[in-house]
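The same chain A turns up in both complexes below, where it pairs with chain B and then with chain C.
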Partner chain A sequence: MSGAVRLLAALIGLAVLAAAAIYAPAVLDDYMVRVLIVMCINAVLVSSLALGNGFTGVFSIGHVGFVAVGAYVSGILALPLEAKASLLPDLPSWLASWYIGFLPSTIAGGLVCVALAFAVGAPLMRLSGHFVSVATLGFLVIVNVVLINADDFTRGARTFTGIPMQTTLPWALGWLVVTLVVLARIVYAPTGRAYRAVREDTIAAQAIGLDVLPTRLSAFVLGAFFAGVGGSLYGHYLGSFSPKSFYLQYTFLLVSMLVIGGMGSLTGSIVGVIAVTLLSELLRNLERGMDIGPITVPPLYGAAQIVLGIIFIFFMIFRPSGALGDRELRLGWLLGRRNSSERT
Partner chain B sequence: MSNPPSAGPPLLAIEDLRVDYGAVRAVHGVSLHVAAGEVVALLGANGAGKSTILRTISGLLRPRAGQVQLDGAPIHRLAPARIVRLGIAHSPEGRRVFGNLTVAENLRLGATSRTDRDKVPADRERMYNLFPILRERMHQVAGTLSGGEQQMLALARALMAGPRLLLLDEPSLGIAPLIVRSIFATLGELKRQGTTMLLVEQNINVALGLADRAYVLRTGEVSLTGTAAELRDNYERVAEAYLGARQ
Partner chain C sequence: MSPGLYIAQQIINGVSLGSLYALVAIGLSLVFGILRMTNFAHGDMMMVGAFAALTIGAAGVPFEWSLLGGIAIGALTGVIVERVAYRPVRGAADVTLLLTSLAVTYILENLGILLFTSSPHDFPIPEWLDSSYEFSDGQITFTQVNVLTVVLTGISLSLLGWFVTRTDMGLGMRAAAEDMQAANLVGLDVNKLIVIAFALASGFAGLAGVLWAAQAGVVEPSMGFTPLLKAFVAAIIGGFGSIAGALLGGYLLGALEVFIVAFLPSELSPYRDALVFSLLIAFLLFRPNGLLRTSREVKL
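And then the complex of A and B:
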C-alpha cells in the first residue's frame, strides 16, 4: 500500500470509529455500551502490558499497581472541591484547593506512573525471568498496602467515591486509538527491534552494542504511563472504587487476556481482551442459573472464574505463545489475502 | 612481551589479565596483543579460558586485575555498548542469533551501534554477497536456519557493526566440516580485505590455516605462542601445550 492510500484508509477508519463511538449509545443498550467501554480500557491496559511483557520479555505482574496509582491520582485531582472537602477532609491544603478536569487529571495520572516506573524499574529491570515477575508482584503488594494506609489521600480501605463519571465510549475509544498508534509506532520501528533483541538474548544484545537496562526501562516506563491513563479512565468510569478493585483479581484478568491473545502482538492484546470479555460476560449471565426447556440449571456462582482459569491452563499447555503469538492481524489477512512479509 | 615492529601501540593489547568466575579463577595472568590487519588465534581445550578472554575484551565480564587496551587506551571498565561503539564486535560462542527475528532484522540489529546510518545498506549488501545463502533466507526467521547458516548470520551480524576488531568465538563449533571450510574461506577473504580478527578455536588445523599468529592457552595461562607457520611445523609442541603432556 502506498503512503497516501494508507493515510486515507487510516482516516476513513478513524471516522467510522468516531461515528460508531458517538452513535453507539443510541443504537445499543446501556449494558452493551458499558461492556464496550470496559473492553476499550482493558485493551489500553493489556496492550501497554504487552510492550514490556511481550516485546521486551520482562514479565511484570505489577501492572495493576500502576493502574491503581493512575486511578487514585486522577481521582484525587478530579474530585470536585466540595466532594474533596467532605470525603477527604485531611488532604493537605495544596491538594484540597486544587481541581483539574478529566483529561489533565488522566495525563497527570500517567505522568506520576512514569516517575514511579523510573524509580521501581531502575533496580528491577536488571533482573530477568521469574525474578522480575516476583519482584513486580512485590511492587503491587506495596502499592496496595500504601493505598490502604494512606487514608488522608485515599480514604484507606473504604470506598473512594465521588469521581465524575466521565469515561464515555468516545473517550475510551479515543485513548485506545492513541495508545495503539503510539505503541505500534514504537514496536514496529528500530526501538521495537531492539526490544525484541533484548528479549531473545541479552548476551547477544550486549554484544551488538545494546544497553539492556535502558532498553527494558523505556518499555516499562511507557507501559506504566498507559497503565496510569487506563487507571484514570477506569476510575472515571466506575466513579467509586477501593484498593481491592486494583489487586490480584484484576491482575489475573489482565494477564490472562495478554497470554491468551498473544504477548508479542498488539492486535493479539485486543483479541485477548475481546475473547476473555465476551466469555466472562456470557458466563456471568449463565452462572445465575437458567431454564433450558425442561431442564433447570441451578446457579453456579464462580463458574466464570473457574472456566477462565481452565482456559488459561489449556492455553499454557497447548498454545503457550497465545492465539497470535508474535504475529499481528492485518487487514489483508482479514480480507483473506496473504500478506507479504514486511519484517525486514 | 614485545610490541609488533610497527610504531605505536597495537590495536589490542591485553596485559596480565586475571578474570574470576565467582571463586573459580578462569584466567590468570594472560598477556597478548593483536596488531591492525592481523589475524590472531587463541587455541586451547575446553575451560582453558579462551571465551572468558573474549568476553572480557567486549566488556561482558570484568577483570579482577590487568588491563585491556584499544589503541593504547584502557577499555576494561567500559560498558559493552561503549566498546562496540569503539570498534570491537563480538560474534559470541554458540552463535546466539535472535531466533524469532528474521535474517534481515538480525543484520539491521548488528548495525545498532553505527552512527553512519547511510552506509548501512551498502554493508548489508556486502554481507549478502559474502554469504549468498543469507540473501535467500532474508525474510526467514533466524531460528529456522541450519547451524552453519546461523553461524554465517552471527558473523555477518558482527560485521554489520563495521568493526576495527572482530572477536570470533568458535565459529566451527557444531558445524559440518564442509560448511566450516566454506566459513573459513570467507574469513580468509575478510582477512585479505584487511579485517583484524581475534579468533578462538578448538579446531587447531583450520585456525592455524587462517591465523598469522597464535597463542595456546592452558588452564588460564598462555602455554605457547608463535607464528602460525612455526606452530604448524611443531605439531607435537602444540598438542603438548594444549593438553599439558610432559616430555
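And then the complex of A and C:
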C-alpha cells in the first residue's frame, strides 16, 4: 500500500472506531458497554505488558504494581476537593488544595509510574530469567504493603472511593488506540528489533554493540507509563477500589491474557483479552449457580478461575508461545490476501 | 525487663519462625536444584497440607495422625502436580515453567475456595499442644506449638541430611542437580529422582502448613502465598538450589524479621515485608548466588 492509501485507511478506521465508541452506548445495553470498557482498559495493560515481557523477554510479574500506582495517583489528584477533605483529611496541604481533571491526572499517573519504573528498573533489568520474575513479584508486594500502610494518602486497606467515574467508552477506546499506535511505532522499528535481539540472544546482541540494560529499561519504563494510564482509567471506571483490587488475582488475569494471546504480538494481546474476557463472561454463570433441566448446580465460587487456569496450562504445554506467537494479525490477512511483508 | 531476657525471647521467636521458613525454602531449593524451576505453587502445598489435616482432624482422628495425613497429602499433591503439569513442559523455556507453576497456584487456590470458601477456618489444636511455658516471671514465653515446630523441623532436616548424603537415591538426586544429562548417562532414573524431590519438597511444605496453621489458629486458601515469598527470600539469601543455603537463609530471615519488629522503631513494623523484599532485590543484584554459593550460573 502506498503512503497516502495507508493514511486514508487509518483515518477511515479511526473514524469508524470513533463513531462506534460514541454510538455504541445507544445501541448496546449497559452491561455490554461496561464489558467493552473493561476490555479496552485490559488491552492497554496487556499490550504494555507485552512490550517488556514479550518483546524484550524480561518477564515481569510486577506490572499490576504500576497499575495500582497509576490508579492511586490519578485518584488522589482527581478527587474533588470536598471529597478530598472528608476522605483524606491527613493529606499534605500542597496535595489537599490541588485538583486536576481526568486527562491530566491520567497522564500524571503515567508519569509517576515512569519515574518509579526508572528507579526500580535500573537495578532489576540487570537480572534475567526466573530471578527477574521473583524480584518484580517482590516489587508488587512492596507496592501493596506501602499502599496499605500509607493511610494518609490511600486510606490504607479501606476502600478508596469518590473518584469521578469518567472512563467512558470513547475515553477507553481512545487511550487504547494511542497505546497501540505508540507501541506499534516502537516495536516495528529499529528499537523493536533491538528489543527482540536482546531477547533472542543477549550475548550476540552485546557483540553487535547493543547495550542490554538501556534497551530493556526503555521497554520497562514505557510499559510502566501505559500501566499507569491503564490504572487511572480503571480507577476512574470503578470509582472506588482498594489495594486488594490490584494484586495477585488481577496479575494472573493479565498474565493469562498475555500468554494465551501471544507474548510477542500486539494484536495477540488483544486476541488474548477478547478470548479470556469471553471465557470469563461465559463461566460467570458457574459462579451464580444454574439449573440444567432437573439438576440444580449450586454456585461454584472459584470454578471459573480453575477453568481459566487449566486452559492456561494447556497453552503452556501445547502452544507456549500463545495463539499468535510472534505474528501480528494483519488487515490483508483478514481480507484473505496473501501478505508478502516481512515477518520476524 | 532486662535486655538479656528480651533478646533471648526474640531469639526464641526467630528460631521458631525461621524453622518454618527453612522447611518451605528447602523444598523450593530441592526443586530448583534439579529442574532449574521456580515453583510458585510450592506455597500452596502448605495450604493443601493444612486443609488436609483440618479435614482429617474433623473426622475425629488424633492430631498426630492428621499431621501425618497433612504431610502425606501435601506430598501426594506435589507428585500429582509434577506429573500432570510440570512434566509435559519440562525442558521448555524458564518462563514457561514459571508460568505453569503460576497457573497451578491459581488453580489450587481457587480449588481451596471452591471446597472450603475463601473465608478463614478455625484450626483446632489438641489440649496437649495448647499450652505455653513461662520463665523468669513471664519475661520469656513460648508455646508448645513453638517447641513442636522446632523439634519436627530438626527431625525432618536430619532425615533429609541423612537421605541426601547416605542413600543411593539421595546421592543420585544431588548428582541430577549437578548435571541432569550426566546423571541420565550413568543410568540414573531421572524421572524417579524428580518425583522423589517433589514428594520430599511438598511433604515438607505440608508439614510447614500444618505447623503454620497451628500457630496462627486459622487456615485459608491464600495462606501459602506469604510464606512462599518469604521462602524465596530465604532460599535466595542462602543460594538458590542449595539445601544448606536454604536452611541458613530460613533461619537468618526468621531472625531478621523478628528483630526488625523488636528493635527498629515501631513505625517501621508495618513495612516489615517491604523491607524483606528490598533485601531480596539487593541480594539478587549484589550476591545472586547467595551467601554460600560461589558463582556458577551465567548471569546476564
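Keep in mind that, in the parts below, the second predicted complex is superposed on the first by the 334 of 344 C-alpha atoms of A that agree within 3 Å, B and C clash if a C-alpha of one lies under 4 Å from a C-alpha of the other, contacts with A are read in each partner's own complex, and residues count from 1 in each chain.
Note that in this section contacts are C-beta pairs under 8 Å (C-beta built on N, C-alpha and C of every residue); 3 or more make two chains touch, one makes a residue touch a chain.
Predicted model only: the values in this text are computed from it and were never measured.
K.L.:
If chain A is used to align the two complexes, do chain B and chain C fit next to each other or clash?
P.N.:
Here chain B and chain C can both sit on chain A without a clash.
K.L.:
In the superposed arrangement, does A:F252 touch chain B (first), chain C (second), both or neither?
P.N.:
Touch status of A:F252: second partner only.
K.L.:
Just to be sure I read the superposition right, which of the two partners does A:Y301 touch: chain B = first, chain C = second, or both, or neither?
P.N.:
second
K.L.:
Which chain, chain B or chain C, ends up touching more residues of chain A in the combined arrangement?
P.N.:
Between chain B and chain C, C touches the greater number of residues in chain A.
K.L.:
Would you check which partner chain A:V181 touches, where first means chain B only, second means chain C only, and both and neither mean what they say?
P.N.:
A:V181 sits against neither chain B nor chain C.
K.L.:
I'd like to know which partner A:L278 touches here: chain B for first, chain C for second, both or neither.
P.N.:
Neither: A:L278 stays clear of chain B and chain C.
K.L.:
Applying the document's definition of touch, where does A:I203 land relative to chain B and chain C: first, second, both, or neither?
P.N.:
In the superposition, A:I203 touches chain B and chain C alike.
K.L.:
Please work out whether A:M32 is in contact with chain B alone, chain C alone, both, or neither, and reply first, second, both or neither.
P.N.:
Neither partner.
K.L.:
For A:D211, is the partner it touches chain B (first), chain C (second), both, or none of the two (neither)?
P.N.:
It touches chain B, and chain C stays clear.
K.L.:
Kindly classify A:I22 by the partners it touches after superposition: chain B alone (first), chain C alone (second), both, or neither?
P.N.:
neither
K.L.:
Tell me which partner A:I100 touches in the superposition: chain B (first), chain C (second), both or neither.
P.N.:
neither
K.L.:
Taking C-alpha centres, what angle do chain B and chain C open up at chain A, rounded to the nearest 10 degrees?
P.N.:
80
K.L.:
When the two complexes are placed on top of each other via chain A, what is the minimal CA separation of chain B and chain C in Å?
P.N.:
Nearest C-alpha pair, chain B versus chain C: 7 Å apart.
K.L.:
Which parts of chain A are touched by chain B and by chain C alike?
P.N.:
Shared contact residues on chain A (touching chain B in one complex, chain C in the other): 203.
K.L.:
Touching residues of chain A toward chain C in the complex: what are they?
P.N.:
On the chain A side, the touching residues are 57, 59, 61, 123-124, 126-131, 133-135, 137-139, 141-142, 145-146, 148-149, 202-203, 212, 248, 252, 255-256, 259, 300-303, 305-306, 308-310, 312-313, 316-317, 320.
K.L.:
Give every residue of chain C touching chain A within the complex, in rising order.
P.N.:
Spelled out, the residues of chain C in touch with chain A are 36-38, 85, 88-89, 92-96, 98-100, 102-104, 106-107, 109-114, 117-118, 225, 229, 232-233, 236, 270-271, 273-274, 277-278, 280-281, 284-285, 288, 299-300.
K.L.:
Write out the stretch or stretches of chain B touching chain A in their complex.
P.N.:
Listed in rising order, the residues of chain B that touch chain A are 58-60, 79-81, 84-85, 89-92, 96-102, 104-105, 108-110, 112-113, 138-139, 157-158, 161.
K.L.:
Once bound in the complex, which stretches of chain A touch chain B?
P.N.:
Going through chain A, the ones touching chain B are 190, 193-194, 196-197, 200-201, 203-204, 206-211, 264, 326, 341, 343-344.
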